[in-house]
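Just dropping this structure here.
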Amino acid sequence: MIEILLLVHLILAILVLSIRSLFTAVILMAIFSLFSAVLFFVLHAPDVALTEAAVGAGVSTFLYIWIVKHTQKEGE
Amino acid sequence: MIEGIVYLFLLLAAIFNLMGLVGILLFPDPYTRLQASSTCSTTAVISVFIAVMLEAGFSAITGKVLVITLFFFISSPVGAHIIARYAWNMGIVPWRKLRKSSLEDLPHD
Amino acid sequence: MKKTNILDVVSRKLSPFILLFGVYLVTFGHISPGGGFQGGVALASSLLLILLAQGPRVLASSFPIGRISVIEVLGYGLFLLAGLGGFLLGLGFLSPLLPPPGTIFILNIVIGAKVGAGITLICWHLFQEGEEQE
Amino acid sequence: MTTTLAFDTIGYLFIASSVVALYRVLWGPTVPDRLLGLNVASAQILAILVLYAAKEKLHVYLDVALVYDIFGFVGILALTKFLEKRQRRGGSV
Amino acid sequence: MRVRSKWKLVRILFTTVWLYGGWLLYTGSFETVSLCLGALASLLVATATYNLFIAEHEAARKGLLVRIHYGILYLLYLLAQMYLSSFAVLINILRGNINPRVVHFRTRLHSDLARVLLATSITLTPGTIALELQEDHLIVHWLDAKTRHSKYAGILIKGKMETLLSRVLL
C-alpha cells in the first residue's frame, strides 16, 4: 500500500511541476495533498493526516487560487 | 448472514465504481460525464459506507459513518450541481445524438 | 452573477453544523486526533463557506470583522499569558499548572480561537482585495 | 476476521480508480472536466479513509474522513467561484 | 418589538436542539462531561448563527419541523431509487445508447428547503442533474430522455418524491 502511494506521490509531484496551466496545477496540488493525507493515515498518524486534509485541501486551495488570480491580472 | 450482505455491498461498490469510471472516460461531453459520476460513483461510495456500517454493528463507528453518509448525501449532489451550473452558465452546449433519433416519433404533447 | 437557491440554502443550513464540528475537534483535542490547530481550521472553513456562497455582507452581519480581529489578538495574548504563568512561578515556559487535562484543554481552546480568527481574516482580506479592484 | 481481506482489495481498487480519474484532470478538454476529476478523486479517497478506519476499528480515525468531506466541498466551491469571477471579467481560462 | 424578541428566542432554541442532535452524533459518548459541554457549545454556536440557520422571513412557515418517520421513509425510498437509477445508468453505459436532453419544469413545493432537497435528490436519482433552480423553476439535464413535453417530463422525473417531500416538511 505504502509503496503504491509513494509512487503516486512521485508522479503527481512531477506533473504539478511540469504542467503549463496554473489552474490545473492548483487542482493537482489539491489531489496531491489528498493522497498525502491517505499516506499519513496509513502510517498511523491521524493527527498529521487531519492537518494535511484540513489545510491542504481547503485553505491552501483557496490561497493558491486567489494568488493565481492576483498575479495573472498584471500579465494580461 | 451479515457477512454475506457485507460482501454483496462491497461487490456492488466495485461494479458501480468500475462502470462509473468507464462512463467518465467514454462519455462525449461534461454533462453526461457528470451524470456518470454523480450516480454511479456516488452509489459506489455509499455502498462502501453501508457495508462498513453493517460490519461494525451498533457502535461508535456506526454513528460516525452515519454522519459522514448524511454529509456525503448533501455534499456530492451539490458539488455536481455547482460544476454543472458553471458549465451551463459558461455556455457549453449539451451533446446531442446526430442521427435522427426516435424522439421525434414520441408523442409530443 | 445570478444567485442560486441551492447553494444559498445549503450553506445556511450546513455552516452551523461545521462550526459545531470545529468546536468538537477543539474541545476533544486531548483524547482524539483533533486539536487546537485542526479545530481552528475547521471553524475558519465554516466562515469561509458563508463567505464564498453568500458574499462578505452576510458574513459581516453575523460575524462582524472587528470582533474577529479582537478575538485573534485576545487569543494571542491569552496564549502568551498561559505560557508566562509558569515562567513567573519559577517553572518552565508553558509548564502545566492545572491537573492533567486542564492546561491542554485551555490551551487548545485559545489556539483554536486564534487560528480560526487568523485564517478567516487572511481569506477575508484576499477576497475583499479582489472585489475592490474590479 | 475475513472481511479484512475484502476491505483491502476494495481499498486497492479505489486507489487505482482515483488514479484513473486523473486522466480527466490532465487531458479534460474543458474546465468542468477538470473539476469533475477532482470531485471523483476526492469521493474515492473518502471511501478509502472510511475503509481503513473500519479495518483498524478505531472510531476517532473517522474524524479525518469527515474533515476531508467538508474540505473537498469547500475547495470545489472556491475553485468555481474564482472561475466565475474571472469569466465575468472576460479573461480566458 | 415583543413579537420579534420572542421569535428570536424560538429561533435560538430550535437551532440549539438541532445542533445538540449533531453533537450527540459527533461524539458518540454519553458521559456527563461530554453532554454538558455539548449543551454549552451548541447554545454558544446557536446564539452566533441563529440568523443564518433560520432566516427572519421564515416566520410564517413552520420552518424546520420535520416528521421523523416520514423523513426516514423518504431516506429509504431515496436509497432504493438510487440503486435502481444506478443500474439504469450502468446499462446505458454498457450499451452506449444515450439520448441527452435539457428539460424545464416546475415544482409545486413551497418552502426553500423542500425545493433544495428535491433538486439534490433529482441529482442523485434517475440519470438527471439539476442545472439551475430559480424560485419554482427547475432546469434539468436528462441522460436518457423519453419525452420533451415539460409537464410529462416533470411527472416522470419527480416521481413519488415530491408528494413524499411535501409530507416530510410541514
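Brief remarks follow.
The chains carry the letters A, B, C, D and E, assigned in the order they are written, with residues numbered from 1 in each.
Here is the rule we go by: a contact is a pair of C-beta atoms (placed from the backbone, for glycine too) under 8 Å apart; a residue touches a chain by one contact, two chains touch by 3 or more.
In this text the structure is predicted, and so the values were computed from the model without any measurement.
Identification of common neighbours of chain B and chain D yields C. Counting C-beta pairs in contact across A-D and across C-E shows that the higher total falls to A-D. With centres computed from CA atoms alone, D is the chain lying nearest the middle of all the protein shown.
If you average the CA atoms of chain B and of chain C, the two centres end up 34 Å from each other.
Averaged C-alpha coordinates put the centre of chain A at 25 Å from the centre of chain B. With touch defined as above, residues shared between interfaces to two or more other chains in chain D number as follows: 31, 35, 59-61, 63-64, 66-67, 70-74, 77-78, 83-85. For chain B, residues that reach two or more other chains under the stated contact definition are 34, 42, 60, 63-64, 67, 74, 76, 78, 80-82, 84-85, 89.
The multi-chain contact residues of chain E, meaning those touching 2 or more other chains, are 22, 26, 28, 119-120, 130, 132.
Pairwise chain contacts present here: A-C, A-D, B-C, B-D, B-E, C-D, C-E [touch as defined]. On the chain C side of its complex with chain E, the touching residues are 2, 4-6, 8-10, 12-13, 15-17, 19-21, 23-24, 27-28, 50, 58, 61-63.
Interface of chain E with chain C (complex): residues 15, 18-19, 22-23, 26-27, 37, 41-42, 44-46, 48-49, 51-53, 55, 112-113, 115-116, 119-120, 130, 132-135.
Interface of chain A with chain C (complex): residues 46-47, 49-51, 54-55, 58-59, 62-63, 66, 69-70, 73. Residues 2-3, 6-7, 10, 13-14, 17, 20-21, 23-24, 30-33, 35-36, 39-40, 43-44, 46-47, 50-51, 53-54, 57, 59, 62-63, 65-66, 69-70, 72-73, 76-77, 80, 83-84, 87 of chain D are the ones that touch chain B when the two sit in their complex. Remark: chain C residues 33-35, 37-38, 41-42, 44-45, 48, 119, 122-123, 126-127, 129-130, 133 touch chain A in the complex.
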